[in-house]
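For clarity, chains are labelled A, B and C in written order, and residue numbers in each chain start from 1.
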Amino acid sequence: MAVVETRGLTKTFKRGQVGAVQNVDLESREGEFLVLLGPSGSGKTTLLRMIAGLEEPTSGEIRIGGVVVNDMTPRERRIAMVFQSYALYPHLTVLGNIVFPLKAQGMPKADREKRAEWATGLLGIGHLMGRKPRELSGGERQRVALARAIVREPSVFLLDEPLSNLDAKLRASAREELEQFQRRVGTTMIYVTHDQIEAMAMGDRVVVMNLGKVRQIGTPAEVYDDPADTFVATFLGSPPMNLVESGPSVVVGFRPEHFRPAGTSTPGGRPLRLKFRCDHEEYLGAERILYGLIEGGPFDGKKVVARLASTYGERFLAGSASDFEVAEKDLKFFDREKGTRTDRVALT
Amino acid sequence: MALSRRGLRRLSRAVRWAVLVLFSIALSFPFYWMLITTFKRTTDLYNLKNNPFLFAERPTLEHLRLLFGETLFLRWLINTTLAGALVVLITLVLALPAAYALARLTGRWGERLGIGIFLTYLVPPTLLFIPLSRVVASLGLQDTIWSIVVVYPSFTIPFSTWLLMGFFKSIPPELEDAAMVDGLTRFQAFARLVVPISLSGILTVVIFTFTLVTQEFVYALTFISSAAHQTVGVGVPIYLVRGDVYYWGSLMAACVIASLPIGFLYNLFLDRFIAGFTFGSVK
Amino acid sequence: MSRSRQRWLGPVMLLPAIVYVLALVGVPFILAFFYAVGDVKVGSTAYHFVGLQNFRSVLENPTFRRALRNSFVFTIISQALVMVGGNILALTLKDAFRGRRLFRFLILLPWVAPVSIGSIGWKWILDSLYSVINWVLVSLHLVKPLDVPMWLGQPTLAMISVILVHTWHVLPFTTVILLAGWTSIPRDIPEAAAVDGAGYFRTLFQITLPMLLPIINVALLFGVIFTFTDMTVIYILTRGGPYDTTQVLPSLAFFTGILGSDLAEGAAISLFLVPLLGVVAWLMLRTAHRAEVT
């Protein structure tokens, strides 16, 4: 059964004509890690807050566990939320923070402490119980926020960019902890981020959003290999997919890692052969990024990017063009005007 | 709960408005009353049968004429303004460098000294006024406006220093570092760079210092004994009586003039004041 | 620029202000102690040490004991009212809305206007014959025309009037400080509390008010000082009457020391303010240490 469902969910703020969230239909699955991905202003946080009950929808329906919750307060929805700043109560100790929701429920003291012990054990923060939030590191604060969330045994977790306040180095390990946590606990998680790497790494499915609309919902593989439109195609993947206009109505796309020296692409079908003049290369250790132009043919002068593993040693001198190719199956075609994905067409 | 979320929100908004209106009326009513009394004829004012909220007779400018023509009110306004200007001057001359020194040049003991200076603001005039009356007399300043010009900075300086400290701290020190690299001395950087940048903060301090001067009562009452040398704050409640009779019409007219203009100025600068005050206390 | 020159610039810039303040605050402060243990009188420069005689005669004076009690009663009651009222007002002003500036202007007036001016305004409103409050009460038939309350003439009513005028005067100041506190609470803390299942009152009393405690402390301590050490309201409204029933320490010190020319006894009375100021200063320093703006 779907845990969280939205139908036609829309939010318009008073002054803006364009909706912050436009007509979103969503269905999360039991136990899944669902990521809401998009740039700032895409409406992902507003969507999350509407699910939480912190923002009232202009129209549309929200269901949790099959029940329509539009008129319910956050408390009644049995959800837990982790905020970007963690929103730990600064004057309470870690223990005080964790038992606060249980106190609000009216749970007797002995049960509260047992639950708190279980939660802190799960997250490995038992030794921090007496500390105040300002004495904790960023990673520890995240764990306390999670403990406070899990202690109520909610039906769904909502997380609003919880890793964005952490140091870059800390982020990777915090990310791993979150993934492990979700797997152990098994509760549905809806996770908002603008970082596509986080989305790909953590999500069972990704909801790609832009300007209030949902562009595509799919597994990381689906949104990456089978993008529904040019926005999804360029938002995921770094460096983004190469997009080249071909004729009045078609845009062709291929990812930098599929743009390879002739003869090295995946065999099968007829590869697209292009002459590539590299004028700038970045050496990133594990891989090389080549920036340059296509020479000759219908795409002459278009800027493209190629991505090779560093194990591939051949040098591509600036000044002379080399033979490159893209496998047939790695070519994606888009409608030039609408940006949506179309079927394979013949290239002019 | 029978109320829907939307209903609850509307109710809370109505309550909020009701509370706000109630408080505003209660707090500003005396000034509204001063305004009405100013323009009511004496016969109307003292006729108990008339509804005091209405004008039973045509409004009049008689009280204002009396106030400016036959009392020392104008003199008091001049005295207060003069004293205010001088006190502001003295305060700025002493507080600006002091605040800068505390904000930039003194480190940890500077922090403590800053708090110490601020604590002197808490020593009340009602404790010091008796010894100070002797000091003022021994300096020969009693019954002159100079007595308060000399004494008032004793509380305007701590207050202004603390406020200015907050403003200075909000200026990134890199600006002065850059100026000193360019060849200015630290003092020149202060005088030619920091002070001009902080002009709005300094203006706020000027306004607040001036209002501190106008609001003061105890020292003026203690040091100045003749009506002609008094300030507005003391002159109006004490000397606008003849014998035992209060001339309420003119008295209220004086109150209106003494309070509303300052009110406007204060409201204008309040946001900046809060910014300086919260910055000064956040580490 | 040489290091040594840099090091004395700070103290030099600081010195004039410190000297000035020390001279006009520190010296009189010490003098107050000397006067209290001497026999200083206006017009004479003679000084004889009399030990604690002034304090003894002051403490034996029933008017003094009444004034001491009044000081505490007035301060505690008015500050309680101010704290509750200030928080309520701050809550209504916290979120922006159209016309907020106008309301703020109206609400600030009692604090901005000189307290002597506000007090004389109240004196007119509370006048024994022409009080507008009494007129309203009479027209609502709540009191008989010949039986109107003597707001400033009857001891209990006079005390109530004085307390209310004090409250009226300090309320805007406290509201502004509390407002700064309320607006500094991050938006997601009450949201987290809502998600955690806390209702309005639980959030208010267990989360927001405890977070506001440092600011509440500051506002309270300032308010206590302003009310406890003020003599203006009483001087103008009642002159300490009727029959010294509304005297407080500062006003009594004024009447004794300046109007009564007994500087020594006046100084002794005003010195009783010092213990309270000391306690308040110590409490403020402690909260300054603990004050944490999130």
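Quick note on the criterion: a residue touches a chain if its C-beta (ideal position, glycine included) is under 8 Å from a C-beta of that chain, and two chains touch if they have at least 3 such contacts.
Here the structure is a predicted model, which means the values were calculated and not measured.
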item	value
Chain separated most widely from subunit B, comparing mean CA positions	A
Pair of chains joined by the greatest number of C-beta pairs in contact	B-C
Whole-Å gap separating subunit A and subunit C, where each centre is the average of the chain's CA atoms	57
For subunit B paired with subunit C, centre-to-centre distance based on mean C-alpha positions, whole Å	16
Contacts with two or more other chains, residues of subunit A listed in rising order	73
Subunit C to subunit A touching residues, read off their complex	186, 188-189, 191-199, 202, 206-207, 210-211, 213, 292, 294
Subunit C-facing residues of subunit B, complex	16, 19-20, 23-24, 26-31, 33-34, 37, 45-46, 48, 51-53, 93-95, 97-98, 100-102, 104-106, 110, 113, 115, 117, 119-120, 122-135, 150-151, 153-155, 157-158, 161, 180, 185-187, 211, 214-218, 221-222, 232-234, 236-237, 246, 248, 251-252, 255, 258-260, 262-264, 266-267, 270, 274, 277-278, 281-282
Partner subunit B, residues of subunit C touching it in the complex	1, 6, 9-11, 13-14, 16-18, 20-21, 24-25, 27-29, 31-32, 35, 40, 85, 88-89, 91-93, 101, 103-110, 112-125, 127, 129-130, 132, 135, 168, 171-172, 176, 180, 184, 225, 229-232, 235-236, 249-250, 253-254, 257-258, 263, 266-267, 270-271, 273-274, 277, 280-281, 284-285, 288, 291, 293
Contact footprint of subunit C on subunit A as seen in their complex	52-54, 73-75, 79-81, 83-85, 87, 89-91, 100-101, 104-105, 134, 148, 152
